[in-house]
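Comments concern the structure below.
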Amino acid sequence: MTTLKIGIAGLGRLGFIHASHIASKISDAELTAVCDIHEDRLAKAKQHFDPEYTYTSFPRLLENKELDAVALVTPSALHCGQIEQSLEAGFHVFCEKPLGVNLEECMMAKKAVDDHPDLIFMLGFMRRYDESYRYVKRKIDDGEIGKPVLFRGYTVDPVSAIDSVLSYIPQSAGQFMDMAVHDIDLARWYLKSEPATIYAIGGCYAYPQFKEYDDGDNVSALMQFENESMAFILAGRTAPHGYQVETEIIGTRSMLRIASVPQKNLVEILDESGVRKECSNSFEERFDGAFIHEMQEFVDCILENRKPEVRVDDGVESTRIAELATKCFKSNELIKIKR
Amino acid sequence: MTTLKIGIAGLGRLGFIHASHIASKISDAELTAVCDIHEDRLAKAKQHFDPEYTYTSFPRLLENKELDAVALVTPSALHCGQIEQSLEAGFHVFCEKPLGVNLEECMMAKKAVDDHPDLIFMLGFMRRYDESYRYVKRKIDDGEIGKPVLFRGYTVDPVSAIDSVLSYIPQSAGQFMDMAVHDIDLARWYLKSEPATIYAIGGCYAYPQFKEYDDGDNVSALMQFENESMAFILAGRTAPHGYQVETEIIGTRSMLRIASVPQKNLVEILDESGVRKECSNSFEERFDGAFIHEMQEFVDCILENRKPEVRVDDGVESTRIAELATKCFKSNELIKIKR
Amino acid sequence: MTTLKIGIAGLGRLGFIHASHIASKISDAELTAVCDIHEDRLAKAKQHFDPEYTYTSFPRLLENKELDAVALVTPSALHCGQIEQSLEAGFHVFCEKPLGVNLEECMMAKKAVDDHPDLIFMLGFMRRYDESYRYVKRKIDDGEIGKPVLFRGYTVDPVSAIDSVLSYIPQSAGQFMDMAVHDIDLARWYLKSEPATIYAIGGCYAYPQFKEYDDGDNVSALMQFENESMAFILAGRTAPHGYQVETEIIGTRSMLRIASVPQKNLVEILDESGVRKECSNSFEERFDGAFIHEMQEFVDCILENRKPEVRVDDGVESTRIAELATKCFKSNELIKIKR
Amino acid sequence: MTTLKIGIAGLGRLGFIHASHIASKISDAELTAVCDIHEDRLAKAKQHFDPEYTYTSFPRLLENKELDAVALVTPSALHCGQIEQSLEAGFHVFCEKPLGVNLEECMMAKKAVDDHPDLIFMLGFMRRYDESYRYVKRKIDDGEIGKPVLFRGYTVDPVSAIDSVLSYIPQSAGQFMDMAVHDIDLARWYLKSEPATIYAIGGCYAYPQFKEYDDGDNVSALMQFENESMAFILAGRTAPHGYQVETEIIGTRSMLRIASVPQKNLVEILDESGVRKECSNSFEERFDGAFIHEMQEFVDCILENRKPEVRVDDGVESTRIAELATKCFKSNELIKIKR
């Protein structure tokens, strides 16, 4: 059996999680190299995972020919360039979402991927690897919902995390790109079609700080897809109860809901507040299993030489739609998409 | 159409509710007379319902020959004697649960009922008239649960009501008689059998005051019925979240649960405590509809000259079992019931 | 105490329910007259409620000067004219929703109401009288949700009722007017603002029959209100599981959901299909209590000479919005509302 | 870093799961040897995990001095003897529950464990390593439930698995030993006390085949613990809906429930059967994560030279109680436990 040697670039909150999974939860892979411009993160990774190589320079990572693949968990604005460089250097590439921060650079990344058909490229839309999301996908594909009528997707961060969100505003590409891109990808995956019209609204209901950047603390969009199905998405930053990622697909034969209660675990508490379930408070808590399945799939695809389900085109299209939703939100005009 | 003239005796918390129902929610009946030894309660009833007659003496109420029926909502220890007197005076009788506070007086009440086959007697086990309990009964009778395996019944008062409960201890016949008698009746109704063995335990977990009267603040009993099915019941006074009346019937083909969450209404709240439902806080809130259906059934039985489902024997048997459970709790010995 | 004499016009499905409530569930009111062009309905009402007067002609009903008030449960297209005539004849008026089928006639009805300030007029948006909806309204008014961010309202009829819906298409004013008008009213009530923009879409996902009338079997709309809050509403005819009326209000401090599971009762079933709750199948089943509270409020408002919460303006505005949503759905163009 | 070499004995359904975890999900451990008397199981394990050594003889496994620890997933009747032999051979031991099939042999196993204080012994009560069970334990230890009043534990296998259960009856030690021993352990863990009285009942409600072995297809027991708290447990084989492991702990300050709906995943389905969640169908599905955490804890305890929470005494006591419950069930007499 072969063991895949992976180098990871970016050791922030999510990068560290990916690193720890590669180091001990993924079969047939090992964490051979880590790269980050912050020395303290490198030191922490060194201590926890004991990788063979550490780098503060991404180009130096790419010079390591022992590696088979790289995982990019760097800031979004760096993704597209690093994808090109990594493929050029001959590595299989896993890249965190979003693919890029605008459609133009995404098209360049897509060209790079298309130019290297022998290399595996996978984009980190991890929800597609969550057990419940996959279960629903199978039911849709088996025809159990009938014809799809409406997709509804909520992604709302816990308000308890607002401080770090506010400090990130200047670098943010906006709620549609940062948050809703997941729901856009899910809508396309479940509805098997592309949006034809978009109307997007929102506002600053609790945090006027977003206004300066022409963004809102809660935004929503209604889209009609080419196959006539509808999608409503909400992205926000002010959930009082926890990390609310809820998805609903209404069909003519059944409705399916995923995590309509964002339960932390299987415990129900009966106390003076009533009967309650505590909630997940972060993406790590909710999607830990999905991140593992996703990375395992990346490794398996390389070893079995097959393409992952999430392709570069999914990154291109979801970025395109997020970009249009952002434009719509800013202009308050309906957008009809031409293809 | 005839309108039934009803006199009510006892205008405490529940008596007042019954009076208000008869006065305005029950078809073909009117609240003609009210009786209570407390003048203030009479005055309040007079003001709200404007009945034709008011009495401070129960015997005087029985002398009113305009009346068709009496409703007894007096202290439990008075029930059996008043049933006899009311029937003797020629009235149909509705009596609140429990039938009596010991088996001996219940047998006398039973004799009185049996001696007046032309008069309607009904006992107030109101849960049997709750929409959800009736729905489950129909499913059981239709064979949907298969063979019954286990009945589980919880009746736990909200701890917020503990002060009035503590002040009532000296008059109380104990938790099994005061609280669990409802679950005993339900178990007999759903399982269609009678207990063969009883083991009962409990304790004072929060309120040592009960110990003085050889009672507990939470007690439970496990029974095996003659048809082999099992019943587990819990009665208590310390629910932190509200009025917890929860019932489960496990069968070989399905399990049914009634009010496993004692929800106050259809509202779900997502806030910093998680996702929660607020709870009912009293029997009035939970069983308001059942009290109305029950009294309507009493009236309809009289007008249509048919016997109610809840008969005097249900009162006798549930009292017998509650008495044995109490004895078992006090002695810590298994009781095998001989018939 | 006074007893209000009410005449009802229209004895269809809902008219019969209102009649039965007035006849036996509403304090201080009696069902004095009934009116319907169908003799068989009159006969049925006669048998059940024994009203003093029966009419096949609405003008004849209005000639009965014993009456205090009329309840209009006639076809929607007749509402506005009958409101005018009834007020003109000196009666208090209860009118089922919608106020009218277009804005123009609603404005005339409004004028009639405004011209008779001494007469009580009430519109039958019964959800406002449902216990759970009122509970949420109080929480909103008490500031418990913080600033409102998004209102979401679903109204989807059970597909089991599709045949009668299909036969009604030719008379229908469309899904937005027939179904969504309830959610439009609720959104205005909860958000305390009026819509500034509307985008509406939909389609025929299961029943192409709607297409002929330029309608859909499921339609939705996204609105931004003048106070910046958002509203998303869905109206449909193809719910596989029952009568789905679900409402959510997201605020900056808490989220509230009403009937996110349209449970039939408090019974939970564990069988080979999993753990499930059966669902309500009709508005009668879900809103029986609300219809009673609503009619009681109408009677109390007359007796206490005060105005009901639901006024003619609520009918005007909800009709205006439903009309715009319909126009938007048909034109596929964003509508910006000028006031 | 050290890597622990583990040999596993017993490659049945659960043994294979443990083997796969050790092979790829447990940090700092490797599956060095596998042992089973069935050649086909060995072949399958060889193919999947490629262990260095395979054995059909347990004594031969124990001769392999490369190993650090053994995991016993053999038939219950072999546990105690193999524990002794393994410790004698100098290995750390993980043993699946139950410790043994009677108290006598458990006492011998306990002696062996006590005689080897330097070797780690851990018993596989995996529920103690489930995330939700641990969460509840922390809440109890933090005093959040107040004083414990009642523990309720249900363990009911899906009826879909009845054929394999029936074929296993001749080797079974009865429902209390096979199934309820988990709940007995949990009750002791959560209540922090030992039972003082036991009353146990049950019957053959669907499968008379159990009667021949003096067992039932559903059995229950009510216990009072020395600290006065109560415990009610139910063990059965006929759950129509799935693998029902449900636990409740009622305290004077709050009630906690674990998995009161044995949900398969986070998907809710709204279809003609109502609103439902599908259920877990096996212990593997429900407790996969717990088995991993448990084995990781065994490995960590060895590497860090500390004792696991689940000790041999827990096996002894739970076996003692299961044995008494079985005796009580067979004799229909209350048992008062003397210590």
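Each chain gets a letter, A, B, C and D, in the order it is written, and its residues are counted from 1.
Just so it is clear, a contact is a pair of C-beta atoms (placed from the backbone, for glycine too) under 8 Å apart; a residue touches a chain by one contact, two chains touch by 3 or more.
Just so we're clear, the structure is a prediction, and the values are computed from it rather than from any experiment.
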Which of A-B and B-D has more C-beta contact pairs: B-D
Centre-of-Cα separation between chain B and chain A, whole angstrom: 57
Inter-chain centre distance, chain A versus chain D - centres from mean C-alpha coordinates, in Å: 38
Whole-Å gap separating chain B and chain D, where each centre is the average of the chain's CA atoms: 42
Chain C, residues touching no fewer than two other chains: 239-241, 253-255, 260, 263, 269-271
Topology of the chain contact graph, where touching chains are joined (line, ring, star, complete, other): complete
Chain A residues within the chain D interface of the complex: 1, 24-25, 27, 50, 131-132, 135-136, 253-260, 263, 265-271
Residues on chain D engaged by chain C in the complex (per definition of touch): 239-242, 244, 261-264, 269-279
Complex contact set, residues of chain A against chain C: 146-150, 159, 197, 199, 201-203, 205-206, 218, 220-222, 224, 228-230, 232, 234, 236, 238-241, 250, 252-255, 260, 332-334
